[in-house]
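To keep things simple, chains are lettered A, B, C, D and E as they appear, and every chain counts its residues starting from 1.
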């Protein structure tokens, strides 16, 4: 119980810190959403519009930073995140609501696939080290070392443009209207395949490596040798003993890596014209759309925190030692 | 291969590189999906159609039968078209026009075109009288382009935040479905004009130019606008029979602002000399891939839109690269050489930096070519890409630069261009926030002439003022215009034809503007 | 229920029927072309029902011998030669080193179980101990249900004096002594004929060690398995083992009945080892220990590996490698053997060196 | 507190290898010593680490001499516009006729500088925070760990983008600092766990019992034992920084005026190199990054194996093992009866 | 035995460890009310099972951790060091040797570094030959000769015994009056152990150092120590001269301990049927802490903590059976 309270306190602190960082960074740095908007339209919005836009975005009033901070918290506690500049007058929450499922869906699934396959391969490679399987490592490292966007662009150029196997952009066939129909779901899967594959390819190496190293370490634990000495089947020893224990650190790094993953999805969404939260964050940064930027960052942080909580729980289930004190 | 009068069966897809959208179709709020993707212009219409390519052409009446201006352009009388219905069946009236303009007057947030300039707005039968607090000769077109919304829907809404998911308009299309990635429109059955022949219109959102380019080149999108490097190879060559890229007209140009108050550009001779060695053809071809047309007239006016405004004295006078001539100018002004190095009359070597935001590749490439020109004079120019925010907030308004590329407002006359570059009315000292005239050019004659142009009651008076401005522009070189920046669009005629072409430039070819209604009405299906 | 009084020749004969014979076992560490030869042609026989003690200083290869015999050496261990013959109750002999994986797996735990040094590390921390005992049973008796296996596990725990409700405990919830006992219970699950125990009590304090040792003696009495008991603690070995093999630098240097080793050591190393721990009772004697340190196994030349530390070394020791022979002390138990040139004049002569007599310290009666 | 329990296991994991250099290396070292190599260079015997170091050294060299050996000025235009690789232009040219090969050569420095500056700064912060937290314990530890964990949980790339997107000037070093500021936490956490386990080790207690000052215990007793982990953290951060820099450059945040591989890719992408078939403009920079990344990973493999002897490869490569009929496995020691030449 | 004044005295020393966790009021009673003294040229052995608090006592004496209660007297004066200088002065007189010679030497430093540091700390800035001489002298003192062979070696290049000698040399560099040896031989090989014990004995005799020898091997206590003190669960249960404590233990726990130790010379007299485990120190049993395992325990043992009672010349045992209380338990004389 105490353990959970401590964790909870930690999450609360992290949340507060994230909100605060999130609030101050854009404000202590230069940048102006109106000018950014004008820049984006290079000549197509007349400069006369500047004043109007300032009023529109509510940037005409002067309030102290501290007051803004308090207002921001007040807004947050009411569950509001303000109104986006770029998508004025859409509330930030709505933008996020619309974008989040796509990111979570695609990236979540890709990550889980990557984690699962990577962990399985890592298990096999770690178990059979000193064989040909070891040569998988440099190959997978190569793919994890190339920048993701590079991999994705090359993949698009080969599989979409040249071979035409997959669509080059979008998250579903644009002629369809989202609905729970086979057609639409199929289209979502079809459009998501290439992005998912590229994500898996570029992130799998980490899981393979981590798992492989843990397997090697755990395999030399006495209890694995004891399991062999007991004459258990190879499968039982490999999965039940070695992999079962090796996977524990993977679980905690899985949660921590979510931050990375969400960061990575941003690039994916840009490259594949995928509708998702990363792209909106990117747009928001470029457009100095503070409310949107903060809202998204907050949601991402929150998601990572939740994932960490989940990982804590999973870890607790997997490892009886954490439950020690009850 | 133009089809007859039948309605087509295929979807016409417009592509935009603005990313996924939010369901917000407010045609008045910057940032709404309908403005961002442009389908507001297929659903809502403007008062008059203006052909930006030929500003001399009289505007075509659209929702207004006519717009009459008084002599000093402070009052416009708009006559509403009869027999137009909103797509929900209600009649369109002059009240709607007055309401729509009043909305802008009442909500400064939405008043992008005439901030603080509206006077009284009154309705009399089918006529609306709009008064302005200042003369609007150069802004007439802005009034023509205002989108009109139905009073019976909007009266009860907060126009600023109204999401307008139903979209009741007068235009040729009505909203069918909205998804963040794509918006589909279908023809408006009760359209007042000729019923559009496009079976379905779809606006697709792509996350960036690369995505849109891929879509345009593959034919997935058939109409749109994005800067395609080497468009002839990358785009047109993919389907030369149907693919086309056309440029509209207008008066928008990109200009290299020279800081007239600091070295080396405080010396008019050096400004002139640099102007003589800038290879605009190379810039247009290399940095702009020929998308941005070369400026040839010494007056800096883009052609053909500017043809009618070039003063007598400069008719036919063309810019050309003349290194020797430039060196002569410099020599006459007391510049000397130390080896290859140009030394100014004060005895210092001439060096300067060319500044623009990093990431603005075409500008930076152009700066590179300008730097080469400077080098041919013996002046050492370095290109310095900086952060966009800095450029916006610090560099440009305060004049913290020696030379920097910037655009000018388009407008419907050359006034905006010249005013943006050299209007003494916009002059503020270095270190204070300038709104235009970033180069700090000051000449009372020019300031006066520009003011005269705006307020003049006759064309002759205006041309006379313009002559003065042009002369100073040519002689003093307050800035160096590098290319014009017309509205450009790519389209494919595989499914529908009738887009503006180079031969028949009847409208700005882009889908995102009030002209969309006009273009859509002209499209016919192939086969 | 006392320990059998070990060490008398009569008893040795009674257990002479071998259950495990290790012959010329050689083990290298390292797969490259420069391995360490950790065991060099080691032979050892374990009689049925016998407790064989294996002693020697740290790093001399005791564990290596035990694990090699069961093929449980971790990489880069490599068995480069020898045989490990196991004779089951019906007298059938198999060479464990020639079995394929499936056969070996089937034979493990049934014929030969092993208790590792550290009990904490030998139990999988994430499974309940009951499950860990049961899965060994079920791996070999496929038609035993999980429930039956758990019942059997409960029995086993009772056997080693732990309440059966501990089945549901995780290893970290047990004390060190309990874990070690769980390990022993687990090893006994399939009624193995040979139990190898690698320093089963080193981590425990004396009282707990005493309890465990008693337990083992008691169980052996009841179940009749043979034990190879590895420890540094010679005094402990003398107490519980029937026979003791002393190892030094990858070789067995002396192999004799426990009390023979204690009272009548024949190898200078055994003798020194027995004189380097202080007695708890009896006269306080001055102890000298063994000077020097054990040789580096990767740099062994020919000759006797103990020669540098040996008080009785003579010329031949640096050239002739001693083999296990019957000690040159008349009247010794015929089964005992020793690898010392003092006891093997024949080999010395054969190598062209001058033999030396057996000193008085090594010929006690 | 700390993020604990979820890490308890990890801490143990980390604690274990720490013993390795102390005791585990013993057998190895004594074995190896006859070949003359002192323990310090053991790390270099690792083939992976050696390969990685060689590649890294190559890039370092290029970073230093790149601008001098570049055949062209990377920004200079020429008339060979968008040419495929040829003898004049090994990696072809750009839309302005610039030499891609020169751009890559000149751009190496930017990448390396950012990587190393970020690595050094992040490692320094990580060492200070991690070691202090681990050694001091108590409230100081709690707050420092919370700080590190906050930075760990907050998504990094978005944070970098947000910060970098707001900075007034984004030179390479600024980017490096931003990356360092957001990226030190992982190293700090690992170091803290490690310090915690070192702190309980006898030699630290012994130094204390001998009257050593605290700063001396930290710098002379604890830090040297963390070298491998610090090095691993450093190498990891360098890799992360390089990838971040490239990604930032690619999405147009950061200074595109400074040549580095990211700006080369940015240019290539904004000029639609791939669509125009100009693969030579796009591919080399990507491969260089991959190669550099791989070299860093290989070095880290080496460090890992150094720190945790269990990860050390079992000797020869797979092929030779197969030839000898050895299949290294847990629980089934291979039996190889070869000609017993040297036994007798 | 001489009657010199004690060098270092522990008076009612007590150490309770707070359990981890905010707000937890549970403590580990690691050491309770321990009183003893160390004398010049004498060895005091501290024996007891694992976890009984032996190391804690050593650390308390070395002032590596603050005591919860009680006091430390050095030559009869309060020795509690406040501040760095006092601590340095203290460690110059009281030095500690750790159990694990593999762990107590930093693998990254050479012997020279280790010893130089110690000399610098305790003897000031020696330089050049002076320093070299001091180093050689130290190594000779622990019988590592020739010194040159060892001086530049790293710990991993030394055997366990050699390392422990270096650790001892480091302690000797301070010329201490008291040496706290916390299981100095338990991690060493049987054959090396004796060397270290003999070395310590030699130091005791030559330098007249007072030594606290901690071990769980009661036989080595008999061999090496003048006096032996037995601990059980944080308390001293018996003390006396080594020979009598090992040969004629008075406290039931000492008896169990002695009988449990393997002894090939006396195979018959082994303890039988010992059961139970050391008690939890968080909630130690009330009364005599050994009472749950003691076959003779009575109600009295369960309620009142037995004081140390004199049971012979210079001998004490904390067992009620040696009191003259009426309800005292009766120890059966062993067969």
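Some points to look at:
Simple rule for what comes next: contacts are C-beta pairs under 8 Å (C-beta built on N, C-alpha and C of every residue); 3 or more make two chains touch, one makes a residue touch a chain.
For reference, the UniProt names are A, D = Peptide/nickel transport system permease protein; C, E = Peptide/nickel transport system ATP-binding protein.
Values in this document were obtained by computation on a predicted structure and should not be read as measured data.
In terms of the stated touch criterion, the partners common to chain B and chain D are A, listed by label.
Of all chains, the one whose mean C-alpha position sits at the greatest distance from that of chain E is B. In terms of the distance between Cα centroids, chain C is separated most widely from B.
Of all chains shown, D has the CA centroid lying nearest to the centroid of every protein CA atom. Of all chain pairs in this entry, the one linked by the most C-beta contacts is A-D. Put simply, the C-alpha centre of chain A and that of chain C have 55 angstrom between them. Put simply, the C-alpha centre of chain C and that of chain D have 47 angstrom between them. Spacing of chain A relative to chain B, judged by their CA centroids, is 40 angstrom. Contacts with at least two other chains are made by residues 72, 74-75, 101, 104 of chain C. Shared interface positions of chain B, defined as residues touching 2 or more other chains, are 210, 214, 389-390, 394. Of all residues in chain D, those that touch two or more other chains are 1, 30, 166-168, 269, 275, 314, 321, 328-332. If you check the complex, the residues on chain D that touch chain C are 30-31, 34, 314-316, 321, 324, 326, 328-338, 340, 343.
Contact residues on chain C toward chain E in their complex (touch as defined above): 3, 5, 57-58, 175, 177, 204-211, 213-214, 232-236, 238-239, 259, 262, 272-273, 276-282, 284, 287-291, 293. Residues 26, 30-32, 36, 40-41, 67-68, 71-81, 97-98, 101, 104, 296, 298-299 of chain C are the ones that touch chain D when the two sit in their complex. On chain C, the positions that touch chain A within their shared complex are 70, 72, 74-75, 101, 104-110, 113-114, 116-118, 121-126, 135-136, 139-140, 170, 172, 183, 186. The touching residues of chain A, when paired with chain B in their complex, are 30-32, 35-37, 39, 42-49, 51-53, 55-56, 83-90, 94-95, 98-99, 156, 160-161, 168-172, 174-178, 269-275, 279-280, 283, 288.
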